[in-house]
Structures are given as structure tokens and as C-alpha cells.
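Before I ask anything, here is the structure I am working with.
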Amino acid sequence: MTIKLWKGNEAIAEAAVRAGADAYFGYPITPQTELLEYLSSRMPALGRVFLQAESEIGAIHMVYGAASAGKRAFTTSSSPGISLMQEGLSYIAASEVPCVLVDIMRGGPGLGNIQPSQADYFQMTRSAGHGDYHPLVLAPATVQEAVDLMSISFDLAFLYRHLVVLLADGILGQMMEPVEMPPLRTLEDQMPGWALTGAVGRPPRNITSLYLGAEQLEGLNLRLQAKLAQIAAYEQRWESYRTDDAEQLIVAFGTVGRIARSAVDQAREQGQRVGLFRPISLWPFPAQPLAQLSRHVDSILVVEMNAGQMREDVERIVGGPVHFLGRMGGMIPTPEEIVEALPMKPKAQVHRNGSNGAAPVKRIKERSYAPSA
Amino acid sequence: MTIKLWKGNEAIAEAAVRAGADAYFGYPITPQTELLEYLSSRMPALGRVFLQAESEIGAIHMVYGAASAGKRAFTTSSSPGISLMQEGLSYIAASEVPCVLVDIMRGGPGLGNIQPSQADYFQMTRSAGHGDYHPLVLAPATVQEAVDLMSISFDLAFLYRHLVVLLADGILGQMMEPVEMPPLRTLEDQMPGWALTGAVGRPPRNITSLYLGAEQLEGLNLRLQAKLAQIAAYEQRWESYRTDDAEQLIVAFGTVGRIARSAVDQAREQGQRVGLFRPISLWPFPAQPLAQLSRHVDSILVVEMNAGQMREDVERIVGGPVHFLGRMGGMIPTPEEIVEALPMKPKAQVHRNGSNGAAPVKRIKERSYAPSA
Amino acid sequence: MPPVLERPIENQTNNGSPVLEPVYCFPDSLRDVHTHYCPGCTHGTIHRLVAEVIDELGIRERTLMVAPVGCAVFAYEYFNLDSCEAAHGRAPAMATGLKRVLPDQIVFTYQGDGDLASIGTNEIIHAAARGEKITVIFVNNAVYGMTGGQMAPTSLPGQVTSSSPAGRNPAIQGHPIHIPEMLAGMPGVAYAVRRSVHSVAEIRKTKKAIRQAFQTQLDGLGLSIVEILSSCPTNWRMDPAGALDFIRDQMVPVFPLGDFKVIG
Amino acid sequence: MPPVLERPIENQTNNGSPVLEPVYCFPDSLRDVHTHYCPGCTHGTIHRLVAEVIDELGIRERTLMVAPVGCAVFAYEYFNLDSCEAAHGRAPAMATGLKRVLPDQIVFTYQGDGDLASIGTNEIIHAAARGEKITVIFVNNAVYGMTGGQMAPTSLPGQVTSSSPAGRNPAIQGHPIHIPEMLAGMPGVAYAVRRSVHSVAEIRKTKKAIRQAFQTQLDGLGLSIVEILSSCPTNWRMDPAGALDFIRDQMVPVFPLGDFKVIG
Amino acid sequence: MQTSIVIAGFGGQGVLFAGQLLAHAALDARKHVTWIPSYGPEMRGGTAHCTVIISDRPVGSPLARHPEIVLAMNQPSAVKYAPLIGLGGLLVVNTSLAEIPATRPDVRLIPVAANEVAEAAGDLRLANVVLLGALLATRPILPAPVVEKALERYLPERHRHLLDANRAAFRAGYASQDEQTRLAA
Amino acid sequence: MQTSIVIAGFGGQGVLFAGQLLAHAALDARKHVTWIPSYGPEMRGGTAHCTVIISDRPVGSPLARHPEIVLAMNQPSAVKYAPLIGLGGLLVVNTSLAEIPATRPDVRLIPVAANEVAEAAGDLRLANVVLLGALLATRPILPAPVVEKALERYLPERHRHLLDANRAAFRAGYASQDEQTRLAA
Amino acid sequence: MIRGTVVIDRERCKGCGLCVGVCPHQLLQMESGYNARGYHPVQLADSAGQCTGCGVCAVICPDVVFSVYREGRVKR
Amino acid sequence: MIRGTVVIDRERCKGCGLCVGVCPHQLLQMESGYNARGYHPVQLADSAGQCTGCGVCAVICPDVVFSVYREGRVKR
């Protein structure tokens, strides 16, 4: 197999194609537009469905429709567009229709900007929209990992009949990295037993999220919760890096996860025993492995490109407040900045590059409940 | 002042009118429609603006517009409609335009049903939409409290130039209770210094959520976070009931909070030392008082009409797992059920009403991370 | 001439009278369940017409329905078809998704006026602009029936509803919206008509139009839509017969019946 | 005759020549800042026309603008007016909110074709149906300019864009959508026209239309909308002059210029 | 002291109003009180019910899974609620439209031919008030005069002309049980 | 070993392609590599830049606040990036369009009249490749032949006819520094 | 005149009365009794055998209550 | 013929060239130099005083670069 340079957005698109995507519906929004543009020629070339929708709301409901027919359907967007999909996502989850969503996050709130961000963590891990459920949320740190996760996302979606979200940010969407692409999968046209195909010689099938009776709707919810418990049991993904002897633990996901990796290396060079815990599945959050690791370290530093959203999960799991470094609005933490934010300072003062007159870094760094309370 | 029976939805509407609401824009959805219907005659009668929008998206952006003119503007909806407003809410928060939203929650996910629910806890407390912010979320337990909170909501919204959410459920919207209404406030027409009124003899004003530069957008976010920290410092509201000598603590909000109050009384009658902590502001969550209380009790039971959304906050704040009782889809926990879910059993077996052949109660009751991990 | 089923289901002897043949039976495309519609509500009538057409065209096993949010929210339980339930207003988008991946199936939406002409206007207009080969059964009863009779964009000037207690005032709340007229101008739309179910004669014409709408889809010509003026005795606070008169006397003048576009 | 400002701003002596009077100056209603528009992009032209009209009507201090999401997203920084920035497509709803609470102010939206004719179709149609007394400047450049030239509902048949690489195929992606024609049928709409800025003569006609649109609002007659065919040299991959020719030769035949409704 | 009352019947039988009347009266009697209807589409054409809770202290749940008192105005309501009544509870049943259901021995059963009594009092539609009268005669959860007063104060404008008929119906209902109670005593 | 390179200039000067070329070459040389552009509306008519990171181990941040190497193709880029260059870094500046900026003593400055050199090599638009040549002559972060090979392999189809000109421009850029380096030596 | 008859699905009827108004021979009337859902269902009062099987009752009925039968072969 | 002139805001010009094509007397041309934003701005080459102040350059210019002046009183 060959390794080629791929732009993140295009690599994700191609990975979806190779994973057997039958239909794509989307709406342009920076920084994910290349996904849509790439698919606008690639899907028709393979005789598959590509359709630019009139809006994100249109797109998610087209996906809902195509997925109801048992097809591998997906859409992609970025933060404001994802907000518009919240109702549709809730319907999809409640109807137990499998589908895949890619969110290439950008700066918010509001129109914000088009720079990278991780501020959809809450929006995606805490039930997209109303009601009780969590999408299965996967957060790659490299283009290769994005491709690998995209490759299994439809399988996961169909296995659990659930919504699978690939959560990345503008950096991952826009950057190029070497990628080994999986081969194009040819899927037999096997219609799942719940799909709408026309009621030929069988009773009709309905796909709905309406359960008028409270007991019926509680029944659906108990079924969903049971499914989520299963997903939580089987689908936790994470990476630990140099944690074996770590005294200080950094927790970071996605792009920040890879930056933190550099920070770990830098800190190690300076003699600090630092490790990295990088959740890959954000829901289910890899709670047990983190809880276990947390017992062996002296301090935990969560780093995010948001105001501390994953931090809340980490605090809940480790049972107390943690240190936090957050950059927002498209500002990207540097490895140096992360090292500097580590609570325990190295004994020896170490020379460090990169302090030549740059403006002082604004950041949130704290150790209390207050703003996240 | 007179006390009268009021239906929750109508009482909230009247309270908004008396608090000086200038403009209402809304879209029908059960179980909050009476709010809209009531205002459709009440607002025009006072020469104020009532407009039925074409959708919830239209409604929230009309509110955005009217609020940008410095007016007291609000809308109301229920869970699926709230999902549709997520993008607009994020814009409003980012633009720092004050506005008030009432969410009379119903069963989800998806179309679900129209029965009461508390499953918008995440959607409302964890940044409505994309980006880093939290609305100020107030959760009344009685119609009187709903009226009292509605009465201050515009003031809070204007004080902080922020989004204030009154979060209730179908029960509170539909029930009648005695209410003492505050008087009709007459507000001088004082235009705030940021409002769009026409640039008469002053430089133009812009209301925007666009900050193209990463530093600028981080600047906005730091300003928002500082404001949220202030709100967290000043706007925590809660009620403690019979907690002085409590060995077991129930934590519940809104309608479940009032039901839990009965459960506390019942358990006390059975000799159990039980107390209730009822957060009234869900964001900011009254973390300190709960943390303090938690140190004096043997066990904590969180009860919600959802799968355990507030539970995550409680676990984070008390630093470990708690007991949980959740009903969903419109099922309403009874005091008896809550008492039964209390982890410590009373020593003496106590006679209890209400077990005459009713179907066994389905519920989520657990003590582990699994499904919420 | 009464509507005649293509295939008489059974012959039977009735009280010793001569052999009687069924001329009117329960359609295959409906399920024999009780509907939740109010007495006299013409949603039921329209359900039957659609089912009869599907039966007559012999397409039951390849027809997919997208139900709306509105009083017809349970339509998927009443039709004997594969079907799904869209979010409020989004049925045309969901139908687009279905039809694009199953181009040989027949896909139709069944939508109310709040659903299609208010929250979901964007979805119907763009399905029409794209020329989606779907059929739209658009039931206009001039109110939000399901939520208790609030004003709809189709409510008549002066109409008192639970959210226009002083009567709809066009100067404040605007004029009723005319969907087939609006869509007829689009090349992607092949069939756009308005009918009513306020009398036996009109019901028969409506059935013909529904049939032609499905035929339009079978012929792959573009989007077909039949707006049907329908009654809501409950929210109009009328008896069922009075409600039909209201359609005839009040609604038809505002929503003229007719063909706005017929291709093929 | 060149457009003439009502009030000559200054007299000045230019290189010893006789007294010259200004006939064309920088409008008060624009701010003297650099815009981010591409060279030759006619968004700038349209900005100027709107500003001149506001100046000439003397309504700068009571005019509120709602900017869109699109290349004109920064319009609020370019106009010397109180203004705000709506979410993508929602400008008519935001304008409704503003106008309803400030009925004496002049409220206008400035929107692109992706904004108004795609994601925001619902908002414009219902603002029109309600007869909101707002003015809509609708800039149709047949692409999503801001995001890099994807197909819009207004893209021409055959037009190659970054999301219709084989050219827009009406059989798959539908035909272009005609907004003023669609709105003209609504009683709430008082003025609905299409203009272009591809030549000096058309620019002058466009200015007159913009003026009449604002006058319509001043007269309280209903919603006024001017669709303006505009260039996007960058995404069309043309030089600015070629882009104007493209409007004339390719766009105008698909989007005929004209008055679709004029009341008052 | 806390009493929960469910009033159930067909839509149109005035069950919601009967409950509101009780709630108003309870408030007038300076009690804590809640009223909550069944709501939503299932109301349509089907059955309706409401729950009233009257108490000496703030009311917790406004709903009662096992109400102490049930007023069943039709057959489906009688069938549905009879088994749910709380220990030692009371079932008032409109025998004009319902058969007397089987009840547990601890439940007191009050059959009233409410439609007939109402018709006699002037209007068939007053069966709801008849049942209220019968209830208060049996269990004085509120003083009857307070309820009569509430009738005067809260009868909606459009039914004002029926005030006397309402009062008569209430008294007839009350009298029916008064008598029976006396007979039973 | 890790090297971060920023290439900046006007839109249309080919800064993104120059970066991609470097990235392709780095991959061909079996290095870890990332490339990331500036993106979004500010590209329009204004300046564009991209960052390439070439490393012996997996790349953490694909961005560098203080890049070791900057190729500034125009004046604004030179002004913006000169002060940001990392300690001991390198600034290659296109003196055809930019004045030589003031730099810190630790920064090595390579002025190249790239437009002129490119024009001489056959096409003004090849200034980007000229600068790359100059860079590789100065700091051999990759072997020059690998970059030339990459040029062959990754030049987009529509520019194929310019392959020879590209190669010539690259060599001219390389030669310019080769010579200067020799002179400086 | 063609002779015919109708079969009424008593439990489906919601007693809306629409059919009563359209039968050309006034053969339909409401029962005084209730069906299981609490409606007065319609009944055929055709002792004279006047029903022609014209089917307009079936056309107007929103609840598919009627099956209509006619003497002789079905016309196509 | 009316005499006039134009004043060019050199820094606003984006060098799109539209004005060059519409001047009836071909009085406008692009500078070879750059302005601060990197564009070749337009310049007036009217040594013969041919400019009539007709203003069509101002009408076509998307970037409000021109102020136009004319001799005599402004017509109203």
C-alpha cells in the first residue's frame, strides 16, 4: 500500500467513500467545505448519491431519509451548521437509524470565525439536541487517524443503529499529512431488516421517534440507555503516551492531543516526568483507564481549545479539580505553553526557544470550580 | 395583593408582561402553547409586540433583532423547538444581547411525546449550541416560583447582557396553583448604550458575533468567561429542605424537586433522616453549598426526569459517584418511589400506602460510571 | 359514477338478496385500525383517497410514505405502507433522501399547512426547485390542528384562532400563503393543483388529482403536489357538516380550486 | 446624467482651473475603510448605491442594516449605520424583530443568494407573506462567494462551480430559483424587481430601484426587494470586465431584468 | 392532611371545570392546592381527566398515582381508575354512563345517577357538579358553602346564565348522598 | 530533528504549492511531515501562507509560532514574519517585492531577487520555486534532487507544460545561493 | 334502478353524521346507542330496499365505515 | 463641452480596471506602481483636459475611488 499526502478534509471524504458510503448530503461551510467539494465529483463518479442540500437542516433530514432506507448516509459540517442539525440528530438517534456525521469545529460562539476550535465538545458529547442520548463521538488527532476512524464509523453506526460523530477541528480538516488509505470496500447490497424498501410480502415497517405514551417513551429510553451502556462497555478508545512513570498527566484530545504529545517530549527533555492521556472516543469517555492513571500521578493538566468542556468530564472521573489550560477562538496552544502550564516546575531552569518578544499569552488557567460550576 | 389560581404557562406569560416584556415572538408547541396563546391577546392589549413566527428559527432571530434594539424580548418553546434555536442562541450569547427564553420541556429524544421531562438539562446548561458559554438557567419548582423567577429574568438578562433561560417542564406549564402576581411594572423607555436605535449624532453601533481574528475571538471568549465567572459568583440559587441533621441527601430540581420534598417528609415520617438540596439556578450550579452539604451526609440520591444529566454535575462537585433514580419519557417519579430508592433503609419496616397492585416501576437506578461515562 | 375498485374483493350473498358485488371496500393500503382523528375530520377522507389511488395503481409494495408532525403524525400507523415520520416541516427533505437512494420507489409526503407552509417552507420550495420526483399531499385546514388551533400562514383574513383571538389581521399578520401557485413557476414542478373535500363531487375530483400526482411521479416528470382544503371541525368549533360548508363558503374563495401546472 | 448628490459637499479650486463643484463624492452612509471585497467585485458597487440612496433620502440616522453571512458579512463595518449581523439566512427574521419594535425606523437587509435563496428561503418568504415593512437588497452572484464558489440555487444550468464540477445539471440539481417572481404574488410584497450592475446604464437603473424600494418602506406599503445580478470574478475565475460580460450574456437571459411588482 | 382527587370522563363532560372549581374553593378555604389536567392530542374525542390535590402544607407532586378520591363520569374512567384508588379511598361513579365497577373492600363506592339528577336540576351538562355535590356530602374535604361560593365566583361568563342551575345541581348531588348517608347511618 | 517552514506571500504567488512541494518531497524522503495553509476569506486578494513541518518523528503541532525558516515572497510577509522567526532561524526574502527587513542577529537572511530570477528562467510566476531552490542551497533540509523529483511527480496536470521552466527556476534559485554561499565561505 | 346495500363497520364510525346528509334516499340515521369508543354510530334504515349502492355515503365518510355492494357485475 | 476632473483615492483602488474601460475619453490607465495593498491603482492621464466630469468612472467603480468635479453649478 502506498502512503500519500492527503488534505484532512479530502482524506476523510475518501475514507468515507472507501468505507462504502452510499449517499452524501451537505451544505458548504468553512473549514469543512473541501469535504463537500471532493465528494461532488467522487460520489457521482462511482454512481453514488451526492446532493448539495439547501441548508444543514435539509442535509440532516436527507441523511435521515437515506439512512431510513438502510443506506450508508452521512453529512459533514462545522459548528454553526451542527447547531442547526440538533433537532434532526435527536430524531435520528431516537429512531435508531444509523448515520455518520463529521464536525470540523470552528471558533464560536455565534458566527465566531473559521479558525480551529474544540468548543463543540459539549454539543456533541452531551446529547446533540434534546433528550437523553449520546452520539458515539470519535476524535482523531492525525489525518491518518481520521481516515482510520472514518473507515469504521459506518460499521459502528450500523452495529449499534446509532449516530456516530467524527469530531475534528479546522486544523485537521485543512492540513496535509501522509496517509495510508484503506482499499475501496465493495459492500454487498444487504438491506438491514428494519430498512424501508417497500412492503413487499411483509408487514410494513415504520421509522419513527414518536411514542405518545409515557411508558412507551420510557421504554424507548431504557432501550437507548441499554444500548449506550453497551457502547460504553465496548467502544472506549484512548491513547496513553509515556505514562508509565509519569508524575504529571496531560489530558487532551484531537489536535491538542498531538500538540500535547510534543509538549510531553519537551518536558521530558527538561527532566519532567510527564505523560499524555488522549481520549479518542469522547463519548464513551474512557473513564476507567483515566481513573486508574489518575491514581498514579501527582497532578493532571487538561488542555483544550475551549473554555474547559472536557475538563468537566475529567474532574468528574478523577473525583476532583484539575489544572487547566484553554485557548479559544482559534488560538492554538503551543507545546511550550503547555509545558509552562504544567503545575510542577522542573528543578533545573532550562533554556527554551520561542520567547523572543511575542505578546504575552492570554489564557484561562485556574484551579477552582467557579466558572465551570 | 391577591392570590389567585393560575395555570403555569399563563402565569409565566403574565409575569413576563408584568416584568416589562416589550416583544414576544413564538411558535406553537405543546406543552407550552398556552403561553403563546395567552400573549396573543395580552401583549396587543398593552400596545406591545406579539408575533407568531413561521418557525422557532424565525422566532429566535426575531428576538435577536428586537433585543438588538434594546427591547425586552423573549420567546418560549419546548424541547424540539429549543433544538432548532441552538444556532440563534449561540449568536445571541456571542453578541451579548440580553434575552429571555422559556423552555417547557417534554419527552425526547426526537418527536418523543408531550409529557413532562427534564431532558433538556444538558442542552440548556452546556452552551446552547456551539461555542463556549452557558446561559443563566433557572429552574422553578412551583408556579409561584416560576412567576418570581420570570419577574427577575429580564433584569438579569440586561444586567449581564446575557441569555436567561427559565427551564420548566410540562407539569409546571400545565398545572394550576395559587399565585401572588407582582404588579405590572412600568419601565421608563431607557435605551441601553449599546442598542441599535439609529445613529443619531453618534458613531454607528454594530451588534455582531463575528471576530475573524483568532486573538479577537479569544478576546470575546475571555470577556464571556469573565462574565460567566461573575454570574457564577452572584447568581447561584438553591433551596435546602430539612438538611440540618440529614444523613441522606436527595438532590433534585424543578418539578422533581417538589416531589422530592414530599419524599423527604414521607421518609422522615418513617424515621429516616433525609434532606433535600434543590438547585434553582442550574447554571451556575450551586456547587459550593452542595459540596459543603455533601460532606455531612452518608449518601446522595439524585432524582431526575431524565437519564442522569444533572447527576454528572453532582458527581463532579461531590467528587464521586452518587445514587440515582431517573424516570424518562414523561414518567413522573412518585414520592414513594423516591423513598424506596434511598440507599439506606429505615430500621423498622414501615407501612406504606400505594402498593396495591400497580405495575412494577421501571427505572434506572445504579451506582457506577458506565452509561454516563 | 361511484369510485370503483379495480378488483372486486369478494362476492357475497346478503340476506338472501341476489348476488351483490362489492363496489366499495376497505383499501389494501390502509390498515384496519382506529384513527385518532376527530369525528368528521377530513384527514380521514384524504387518507382513504390516497390509499385507494395507491391500490388502483398497484404500487403499494413500492410506495414509501413520509408522515408529518401535525394531526397526521400517526399516518404511518394508518397506512399499510413502509413509512417514516419526519421532523416538523422536514418531510420533503426526508423524502428527498429516500427517493435519491431508492429512485425506483414511489415516495410521497403527507403534510399539513403548518408543517409545509410555515416551518417547512424552505424544504418544500427547494425540493420543488430541485425537481425531486416525489409526490406531496398537502392538507390545508387553515390552522395548526394538532396543537389546538393556532393561526397558520394559511388562516383566512379575519379568522379567529387561539393565537389570533381578534381575527387574523392581514396588516399585522399578513395574508394567506398560496403554495401551488408559488411552486407552479418552477421548472422542477410537474403538477401543482388545489382541490377540496367539502362535497362528494369535490372528493371525486380530489381523488383524480391525487391519482395524477402519483402518475406524474411514476412518469418521472418532477415534483407533484396536491393541496387539499380540509376541515378541522374541532378547532374551527363547528359541527362536521358546518365545517364542510365553511370550506366551500369561506376557504374556496381565498384558495381557488384549480390546476396551476400540469405537465404530461 | 450622472448621479448627483443633493448637497455639494465642498467647492474647491483644482490646479488653477475655474471653480469645480463636486458632483460625485464619497457617501456619508459609507465609512471610509478598506473593504475586503475582491478587485472588481460588484458587492462594492451595490454598497455604494445603497449608501447614496440613504444619503439622498436623508435617512441615515434612522436606518438600521442587517448584514448577512456571505461575502457581505462585514457590511456592518462598511456602512455608516447602526447595524447588526444575522445568522446565515436569518436576516429577514432579525429585521422583522427590529422593525416590529422600532416601526418608525428604516430597516433593510443585505443578503446574498446562498443566504436568501437557499438556507434562508423560509425567512424571506414569511417576511414577505407577513408584509413586513422592510427593504431587502438581494445580491445574486450565482455562487456561494464567501465559501469558495460552490453551487447556489441561483447557479446557471451548466455552470461549473466547486461543488458542481461537471456543471449544474438541472435534471439532478434542479433549475435556478427566481425570488422576486416568486414573491410578487404575495399581497404583503409591495415592490419586487430585478436589476443588474453589469454596465453604467444598468447601475443607474439599479440605483433608481433601490431608491424606490426604500421609498416603498417609507410609505409603509409592504416588503420591498431588489434582486441585483452581481459579479464574482474570483469564483467565476474571470477578470472583472469579463465577469460583467458574463452577467450580461449569461445571467440576464436566465434572470430577466424587470419589475415584477410595483405598488404605489 | 392531603387529599388527592381525580375527576375523569369524556371530553365535554366538564371534568376539567369540576376540578378547577374544587381548586378555587380550596384556595378560598386557605388550603394549598394544585390542579393539573391531562393534556395533548389524546384529549381529542377521547377521555379527559384532571387531578386536584388539596393539602395543609405545600403540595409536592401534583399528580397521584393512587388518588384517595376518584369521580368517574363514564365507563372507561370507572374501569381505569377503580383499581388505582388509594387505600381506604372513595369512588364516586356516574351510574348514568357507567356500570358499578368491582372495587376493593377498603374503597368506599358512591353511585350517583348524575345525568338524571342533572337533567332534573335543569341541564344534562351539569352532571359534573352533581358528582361534586355527592362527593362533598360524603367526604367533607371542603365546606359545601365554600364550593357554592366558588361556583358563583368562577363560573365562566358565558355560563353565567346557568348559575342557578349549577347551584341546584350541586345541591341535588349533595342531597342525594346526604340522604343515602343518613340511610346508611 | 524537526524543521518548521513558513512560506508567505500574495495570493497567486504560489505559496501553497511551494509548501506542498516541500511536503511531498519530505514524504518521498521518508520524513514525517505536515502542511497547513492559512484558510478562509482573509486569503482573498490578501496574503496567503502555509506552514510545513518536517521531522524525524511524528509531528505534534502542524503550526509553528516561531518557525525556523520563513520564505517571504512579498513585503507584508517579510514584515510580519521576520520578528517571529525562531532562534537561529533563516529568512529567505524575495527582494523583487520586499525590502530587506531588519532582523535579529541570530537570524540568517537570504535575499533573492526571485521575480527577476524566475523571469530569466522562463516565467515570472515561478518565483516560488526560485525561493525553494535558494532555501535548499542554504539549508539542506531535504536533498535537492528529491525536491526536483517531487516537482516532476506532483506538478498539477494543467501546469505540466511548465515542468522544464520549473526545474530551471529551482536550479536557478539553488545556484544563486550556491554561489553566494561559496562567496561567503 | 340498481339495487344495492351497504355494510357498516359500526366500531369505526365516529358519528360525525356526514353520511346522513348525503344519502340521496335518506337511508342513514344515527343509532341512539354507543359503540365502544363512545360514539353514536350510523345505521342503515332501508326496510324498503331503497339503497342503490350509489356509494356517496362511502365517498363522504372520513372513517371508511362503509362497504358498498351492488347487484350485478361491477362496471369497469 | 463641460470641463471637469476626477480625484482618485489611490489607496482605495484595487486595480480592477473597470473604470478604464468605460471612460468615454480613455483618460484612465493603471499605474505601474503598487499601492499599500499591493494593487496597481488607476491614474488620470488628462494632460489635454478632456475630462468632462461625466462620472461614469465613478458609477462603475466598485470601490468608491473617484470624486468627480465639474465646472459650474451643480444641476438639480
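Descriptive notes on the structure:
Letters A, B, C, D, E, F, G and H mark the chains as written, and numbering starts fresh at 1 in each.
What we mean here is this: contacts are C-beta pairs under 8 Å (C-beta built on N, C-alpha and C of every residue); 3 or more make two chains touch, one makes a residue touch a chain.
None of the values given here were measured: they were computed from a predicted structure.
Contact with chain C and chain H alike is made by D.
Comparing the chain pairs A-F and D-H, the larger number of C-beta pairs in contact belongs to D-H. As a whole-number value, the distance joining the C-alpha centres of chain B and chain E reads 34 Å.
Note on chain placement: the centre of chain G and the centre of chain H lie 85 Å apart, centres being C-alpha means.
Taking the mean of the C-alpha atoms as each chain's centre, chain D and chain E sit 65 Å apart.
Here the CA centre of chain D is 62 Å from the CA centre of chain G.
Across the assembly, chain E contributes residues 40-42, 45 that each touch 2 or more other chains. Residues of chain B in contact with at least two other chains: 30, 51, 54-55, 80, 87, 91, 95, 110-111, 113-115, 208-210, 212, 332. Multi-chain contact residues of chain G, defined as those touching 2 or more other chains: 14, 37.
By the touch criterion stated above, chain F contacts chain A in their complex at residues 20, 23-24, 27, 32-37, 39-41, 58-63, 65-66, 83-84, 86-87, 104. Remark: chain B residues 27-30, 33, 36-37, 40-41, 44, 51-52, 54-56, 80, 110-111 touch chain C in the complex. Remark: chain C residues 31, 60-64, 66-67, 73-74, 76-77, 79-87, 90, 93-102, 105, 122-123, 125-126, 129-130 touch chain A in the complex.
Residue ranges on chain B touching chain D, taken from their complex, read 22-23, 25, 49, 51, 53-55, 57-59, 61-69, 71, 73, 87-88, 91, 95, 196-201, 204-210.
Listing the residues of chain D that touch chain H in their complex gives 1-4, 8, 12, 14-15, 17-27, 30, 34-35, 37-45, 48, 199-200, 203-204, 233, 239-241, 244.
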